[in-house]
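Shared between the two complexes below is chain A, which pairs with chain B and chain C, respectively.
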Partner chain A sequence: MKKSRRSFLKAAGVTALGIGAAPAIKAVASSGSVAAPVKTKKAEALNAKRWGMVIDTNKLTDEVAENIVHACKKAHNVPDFDHEPDAEKYPDTQPVNKTQEIKWIWEEHFEHAFPDKEDEFLAEKFRHLPFLVTCNHCKNAPCVQACPTQATFKREDGIVLMDFHRCIGCRFCMAACPFGSRSFNFRDPRPFIEEINPDFPTRSKGVVEKCNLCAERLAKGQQPACAEVSEGAITVGDLEDPASKVRELLAENYAIRRKQELGTEPSVYYIM
Partner chain B sequence: MLEIAIKGSKKYWIWLGLLLAVMTVAFVVYIDQFVNGLMITGMSRDVSWGFYIANFTYLVGVAAGGVMVVIPYYLHDYERFHRITILGEFLAVASLIMCLLFIVVDLGQPVRMLNVLLYPTPHSMLFWDMCVLNGYLFLNIVIGWKVLEAERNQVKPPAWTTPLIYLSIPFAIGIHTVTAYLYCGLPGRGFWLTAILAPRFLASAFAAGPSVLILLCYLIRKISKFDPGWEAIQTLSKIVCYALIANVFFFFCEVFVVFYSKIPGHMSHLQYLFAGLHGHNALVPWMWTSMILMFIGIALTVVPAFRSNKTLLPYTCAMIIIGTWIDKSLGMISGGFVPNPLHHVTEYAPTFKEMIISLGVFATGFFILTILFKLATTVKEEVRG
Partner chain C sequence: MSKNAIMAGLVVFVAMALLPFWYNIGGSSAAPEPELSEKAKAAQKCVLDKYDMRANHMSLLDEWRDSVVRDADRLYESTNGKTFQMSLSTGEESCLGCHTDKEKFCDKCHTYASVDPYCWECHTTPKEINQ
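== the complex of A and B ==
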């Protein structure tokens, strides 16, 4: 009994279509031809069997990393606790607690991105390189398993998504995630959004959020915001397609994943 | 039977009024949290569960501890527990209501809490926890009420209560097992990722629950004419003794595995709790206090002369309650989150507002407990008198 709301909606949609289309199909059938299959996705949408990300750490400078983090925040209305709230629009905004901030993608040093691979003789250059960490869109996602309302769910194409309107804010998913990739809205995030992007919803207080691999951009045929500004450091593509760019990169380079030993099968790879 | 609750002494009403006052203050603070969000707590991105969930975990234990009077009385016909069985069941009821309240105040979107029922999700342990907690609550209310009513009317309890009583035993074990499963099935949290967690939770529950019950028995003897019986209290304290030894033993099993295997992801949490990590050591004094209190608790319950000392025993129980509370609440929840999965250290301390809200939940629990115990003791006095 693993029926997500998505599949329910789909079923409901198909049913509705069926009811609506029945007379038409009858008409077509009587004329002897076959009804065309129902198209569920827009033609321009980018599709994959299982979306994945490859980060080339050689191409990632502090400047590029900063741009990426900023582009992600802008695209998804992620609040920035350093942003001074508009006193007119949001009077009496209480001071922020930096430990309660929201992060979708952010910079870490090697020993924090890969705490299990900490090494006293690690090559010096890796100590200072920026490592971008984000949701791994795990194949066996512990957050999906933990969520008591299926507000966090896995799409057929591998993206772990969230329904912000169903989340009850129990934060079980945050305890379950082995990568610290989830953030909770301890307060209303809106006063801390520099400029609201009308193409993506803002969140209310009391719900969890995280990277969605720019599912909304992929649906419009665009690359994820991070990949777009990464100057070639981030590639997003189909892990199941041997001809894809991500598979090509993985075939040619040595890449590692975070906490592979836990068996969650992260979909984000790091070329060393 | 409820009419008993509205006939009480002046002290009874003052006590209830006091609890109501605390509940009111806490409710006002909760409105602040409801409006502004959980930002008023000390919780953070790294330590995403705090005081509320810690107390929840502890009280699940107190509720499960009630089974330590149910098993001897109903399964082994241990007559001396006849008088206190109802107290154990009513203590479980009050504890469970506090548990549920602690969950509700911890939610970011409490108005959506029924989503758990609207979208039942068997692969989430939280779903099962909701099932067993509510089930056990329902069982204890029905059993406690029916058995007490029968005692008042001096008849045998209805036959259909017997299967419910037997059912309540696995439910008691179940609530704490599933609560442990919330934590111990998470792949990235080395501190909780151990099969000993559920047994350890149960052991500490069977020490804490009966300790609370002993204190309540002392209180009842003092303020009512009903005597729970010294022998029953003595048996309870033996149960406390063995359970506490088991808890400490299980803890040392964990310490051995962690430090002999030297797996960093498992060691770092215990290091943080007992020695401090990267200069962060807020919980170190607490954890050592807990250890010392539990060892003193063992010494004072294992030696017959100490255990049977009527003046000493309530102090022993208080020490055990505090010791196991630090062990299972404060340390168990913070310990699992520090250091975080990226090996950063963010410490946690509850805020004043968070503590007031928690106090309000406790006051609500005590309010219910007072009324239930008032019913129980009055009926027992009536029957005896």
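== the complex of A and C ==
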């Protein structure tokens, strides 16, 4: 069979057109007939433009502060290195180094929480008050910029959150955070969790962790664990909403933030 | 002259090459079937259909994780009309809420396929907690 150059080119052109058109036809044919899965928030979820926290130091007693720290540990399976590990379940647990503790929210003295406001003639009561410090969920969070894997990121509602799956344990975020709000798991935390809470995962060795403003509770329409047990000392709400409880408190009281001069714009306020 | 040496060498080579096959004769078993819990049997429908789930559950979990952590979306309405909580291990509508026994469901295939996902270093199972 003999083919002219002309007829060969014609046939080749038609074939190429057919091959090229097939995916387009398929796409047109399938669109509309296949429903896509829908992802939504729960109806009861609490929303905000920018979550913030107001801590009323006048209402904070040692007992309340202790309850708050305990409730947070329980809610998030935060290990307590004072807890004696179960020898049967976790044999060969090495002795602990208490400097490697994991902290989400903890008690701090005034001069450590507000080093720039320390003063020779500071009112005596501030030296004895328990100050609770935690992640400030900064508006310009330096940890977010430092994270090379985007494991730490700023959610749309202002919460500085971590995806523990993505954390590679480089600890750049810990160096970047001016508040020491982040802790590194130097060891498997599980032996030191008194009672594992099934509603939240634990962490593994080699991962950084910090306060998540109870994102998992907000999604269920619950207040953060610390606010719930604080007897009114901690209020969590929307800083961008002028009608919110936190804005009301800030409008009526004198409140300070930690290391404000650094420009990270913390979202945690302390009523003095 | 070298015929014998070549033959002997060939026999040794063939024996060595076939060794893995001989070694596994009789020892290998059929692929395990994951055991469905009563609850999973009663529910009948999973997030995707059976074969899709078998092949793609890991990508689905990956997608779920990103939605939950980054977008705060926690509910997943599947194309088959059922709604699930996008969670591996928490709550009744999560994966483990239905597939209650990790050993009989997840581990069966993972062990057989020598897959060692590290989900359970952090995520907990009710069984493990009550131990």
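Methods note: the second predicted complex is superposed on the first by the 233 of 272 C-alpha atoms of A that agree within 3 Å, B and C clash if a C-alpha of one lies under 4 Å from a C-alpha of the other, contacts with A are read in each partner's own complex, and residues count from 1 in each chain.
One rule holds for everything that comes next: contacts are C-beta pairs under 8 Å (C-beta built on N, C-alpha and C of every residue); 3 or more make two chains touch, one makes a residue touch a chain.
Keep in mind the model is a prediction, meaning the values are calculated, not measured.
Undergrad: Should the superposition on chain A be reported as showing a clash between chain B and chain C, or a fit?
TA: fit
Undergrad: What is the contact status of A:D157 with respect to chain B (first) and chain C (second): first, second, both, or neither?
TA: After superposition on chain A, A:D157 lies in contact with chain C alone.
Undergrad: Quick one: classify A:A45 as touching chain B (first), chain C (second), both or neither.
TA: The answer is second: A:A45 touches chain C but not chain B.
Undergrad: Which chain makes contact with more of the residues of chain A, chain B or else chain C?
TA: Of chain B and chain C, more residues of chain A lie in contact with B.
Undergrad: Applying the document's definition of touch, where does A:V133 land relative to chain B and chain C: first, second, both, or neither?
TA: It touches chain B, and chain C stays clear.
Undergrad: Taking the superposition on A as described, I'd like to know which of chain B and chain C A:P242 touches: first, second, both or neither.
TA: A:P242 contacts neither chain B nor chain C.
Undergrad: Tell me the contact category for A:P91 with respect to chain B and chain C: first, second, both or neither.
TA: After superposition on chain A, A:P91 lies in contact with neither partner.
Undergrad: Given the touch rule stated above, what does A:G169 touch, chain B (first), chain C (second), both, or neither?
TA: It touches chain B, and chain C stays clear.
Undergrad: By how many Å are the closest C-alpha atoms of chain B and chain C apart after the superposition?
TA: Distance of closest C-alpha approach: 12 Å.
Undergrad: Considering each complex separately, which residues of chain A are in contact with chain B in the first and with chain C in the second?
TA: 188, 204
Undergrad: Under the definition above, what is the set of chain B residues touching chain A in their complex?
TA: 36-39, 41, 43-46, 48-49, 103, 106-110, 112-113, 115-116, 118-119, 121-127, 130, 182-183, 186-189, 264-265, 336-337, 340-344, 346
Undergrad: Quick one: in the complex, what on chain A touches chain B?
TA: For this pair, the touching residues of chain A are 1-2, 5, 94, 97, 99-103, 108, 111-113, 115-116, 118, 133, 142, 145-151, 166-172, 174-180, 183-188, 204-208, 259, 262-264.
Undergrad: Could you please specify the touching residues of chain A with respect to chain C in the complex?
TA: Residues of chain A touching chain C: 34-42, 45, 89, 153, 155-157, 161, 163-165, 188, 196, 198-204, 215, 219.
Undergrad: Considering the complex alone, what residue numbers of chain C touch chain A?
TA: 65-67, 69-79, 86, 89-91, 118, 121-124, 126, 129, 131
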